[in-house]
């Protein structure tokens, strides 16, 4: 049986899952593992509060246990990486998170990282993560576009807000690379990069790329 | 109706709850709020893994919502502070955690803080917390006694291990204050302090003391 | 003999002492220790320069030695904590400082701490303290209102300046909790909090609350 | 014309190049880019001193300019990443370094990273790099095996020394993941991991895996 | 034979060398060592890119080896300190860099250091240096005047830009001391200091002063 | 009137002053300022506690005010730099401290700094200083020889203890440069360096050397 790399969207928004799946197309290859993007139907429509994160952590863990035998690995596709440290406790499981890998990848693309969040309430949670990761000195700013996950589907307004926020990170915080702080922003990477003129990291792509490398290497 | 300060033991071990309740006796006063230590019966016997923490986070939040109206405030009495950031999202709720307040109190008692954990697997989680709190430069060492929450009830073996570990933190890591890294260690504070000769913080006492101050001040 | 918790205002401004004493009223309780706020008559009218701090340090130490036998503990009620580390060298003495406890308490109330100083010349001294305490990563900004201790008695102008400064800390530095950086600001806590919409720490209250907890616990 | 991902061994030791090339086999795929490991014949036999690094930096830059048109990207396969920041100044060039990517990958595999260097004289240079990268708080120790690049070919003695050093990093520094701090150590990854029982990062594999992801994604 | 303290301008711009030599006049004394400012004719006209730095590093090392016997010591007079760590590997050689000594001297003159760079592309390189030196928390801002080394000879435009940038560092970043981030800025120290009202460090003067002290002390 | 550079020994131990004066001989030059080492007769015999430091701070300030007109500058020759920040508040006064300049000089001599203190009780005070200076990441260890200032006059026992401590800093903490953490250790610099094989900084020499440079430069 071929094993599957599961990319878990822990919110129940299938638009987000579809956007992620499309973004991952360039990473699929004939001799690589199957990549499957799944939606956790029991999850909230968007993971925005700490309560959302805690509930999603339990769901992600349950999914990982259920798929332990057929999984090549798991990627948590929410920028708060719910359940990541929990599924890492399952022996022999490859587990990567998009927040972690998004920022780690950005660290190799520019010195000063700017992060675009969806909502102000997410920012303290993310700041705690950068500090917990020991990389906070590289994050020069994190600013929110002020839109919920659901509202990301209004493409025009979302892109406009992302460009405005990215421009502020570039000009005021001196960022030289941007990380999109929500899996639901995946469709806007190229457009944002073209508009702002800085490299932009789509974190689910970053995490899956790192996962694929690890799977090929067997470590 | 007089409101209650709830001290939540998120594991289902009533011995731990009893130990906490006894430790809090000196903080009860005639004109202060009622302090009630509760056991979450659905919680695990000990909160040791990240999975335990995530599950407990959801339970703590549920408890806080249920008691929102009659609560003066909540203290999470587990050294991983499950659910703390979640219940802080409930408007108007005073919420303090023992890991946070234990370390903050220690910062006013000595320069170099040593932490005594129960198990090695807890340590990386705690280290992430010290970093997320921005206080990691003050923690000179965290070492485990290698005993589960359940095993803490063997008083002789537990105290011996705590003294051994505290002595190493004092002599090798140059700690000048110790924090006991598990609510279940509450009964051993004075004995440990006497044996090692350093001030020792019992974190539930520290958190409840800070909570009582906040309640009196009304902020 | 009942022992007394001495709250030492090391400047000679009795208005400041009166303001502190009033702010501490909610912390007095029938079964708690006596709290006495004292003014050091030999101290300067305001502690503003490093020279002021050094001179006050000696005075605070002298006071503590004089009252060593009848003291339950000492709180240094000046935001530069003059003499704090000196009186900590007296064996068996509980000694807390308002700058230290004000910030430690704020760390449990919001992620990003903003500090309101009286004068620009105090700020480098405070910044050295945050760094020495190992908590500087949590202080997102410290700004001065540009008024001496004596000038704090002009209530209208002082409050206006504090609100202006607090608003800048909130909007420009993204502070989510404020610390008032002078004992003389005590009367303005509630008004400032109401105006700016962030929790505000009055540091003498914070320090005395922590001291009372320690006294009840006997450690 | 298909473009090539050049993996540049900047020393002139072809054994090292052969070891790298073998280690990269699992990363080659039918639909991926050509991966070519090259030896810089003018380079020193081993890059051990800062002088070696500076000279190699110029050579790496010259190679990159020469191959600018046929290169899909460049990986500097020396743990001092000579020339990395220089070739990043060539517009449109993907450039990754093994020291950088080795550590970034390790950050997703364990909290406390231990690094195994070849010689003591390399360590201050590496420590400056971890600090410059802003990740030094995650590196719990770096220790040398005391062998030159040339001496790495004595497999038995090298592996023994690596296991001894890795064991010290695990037991004394509490490392939970190891990074091999020299491209010439590539053949020993699995053996070291099996002996020490911690995950081990081979940094050239890590860097090439990240490069391949970036090439597939086109950013 | 009297030995010489060589101050190496690693770019080929003799105007810069002349400016440095004039700035060092106050440091020459009858009983002190000979101070000679040399221009590396093979160097680029200005050291602006990482490629420039890497090439200059090799030239500086070659110069040091050539003058090893008649040198009392070497100062690298370029704000990227090319070759500094390499010439430090030559046993018994006193080697100081202007970037390093400029900042170290500034740390004794004010708490919050602002740096004036020539070009934006230099800034990430400098920021990596401050972090590698472990002093980044003291640098409150580094801003560029947007002029190449060659363009520094237009005195009026350069001074205007430096004053504008220094004023921003003072008012926006709260710098209380400035470091001029290019040896070519030496002629403007006093003028800049007078205009901005903050102490200004000329880094070649700072480095040579420290070198002279070391030479007199013989360590 | 020629102005004098005052080197203030704030303890009343004239042996210490004599040792400093001898150590400064190589820094005196025909065309340099007069250097005068003074003993503060009212100071304690050794500055060991925080209380000592606070009292000495007031004395140092008084001395500086008295000599304001005839002083070229002041160096505080006690490793706790009493009064340093106070005398910096006197406009137009050059004021340097030996603890500050000793460490800053060491930062240019090795990556990993080890400090040799006299007593354990001094160490937390020094650690707060390294953190306040923002250089704590460069200090790999500070260890005490366990001798009071007065006891330093027993040359054999003192040197033995310094060599033992320096060796531990070299071998256990990986220090590559040492700073002697007391002005009274001045006579032992060369002997310690010869015995341990690491460069050793005598901090009064370091501070006076930096002061002389500043005086020649006029900034």
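Every chain is named by a letter (A, B, C, D, E and F) in the order it is written, and numbering of its residues begins at 1.
Definition applied: a residue touches a chain if its C-beta (ideal position, glycine included) is under 8 Å from a C-beta of that chain, and two chains touch if they have at least 3 such contacts.
For clarity, every value in this text was computed on a predicted model and none was experimentally measured.
J.: Quick one: how many steps at least from subunit A to subunit D, stepping chain to touching chain?
T.: Minimum number of steps from subunit A to subunit D: 1.
J.: Would you mind reporting the rotation angle for the C-alpha fit of subunit D onto subunit E, rounded to the nearest 5 degrees?
T.: 180
J.: So which chain is farthest from subunit F, going by the mean of the CA atoms in each chain?
T.: A
J.: Determine the centre-to-centre distance between subunit A and subunit F, using the mean Cα coordinates as centres, and give it in whole Å.
T.: Here subunit A and subunit F have centroids separated by 52 Å.
J.: What is the distance, in whole Å, between the centres of subunit E and subunit F, each centre taken as the mean of its C-alpha atoms?
T.: One centre to the other, that is 27 Å.
J.: Any idea how many Å lie between the Cα centroids of subunit C and subunit E?
T.: The separation of the two C-alpha centroids amounts to 43 Å.
J.: Enumerate the residues of subunit B that touch no fewer than two other chains.
T.: 128, 131, 133-134, 136-137
J.: Which pairs of chains touch each other?
T.: Every touching chain pair, ordered by label, is A-B, A-C, A-D, A-E, B-C, B-D, B-F, C-E, C-F, D-E, D-F, E-F.
J.: If we count contacts the way the header does, which residues on subunit E are in touch with subunit D in the complex?
T.: Residues of subunit E touching subunit D: 49-51, 53-55, 57-58, 61, 83, 85-86, 88-89, 121, 125, 128-129, 131-134.
J.: Note which residues of subunit E are touching subunit A in the complex, please.
T.: Spelled out, the residues of subunit E in touch with subunit A are 123-124, 127-128, 131, 136.
J.: For subunit F, which residues count as touching subunit E in their complex?
T.: 26-27, 29-32, 96-97, 100-101, 104-105, 107-108, 133-138, 189-190, 193, 199-202, 205-206, 208-210, 212-214, 216-219
J.: Per the contact definition, I'd like the list of subunit D residues that touch subunit B in the complex.
T.: 111-112, 137, 174, 176
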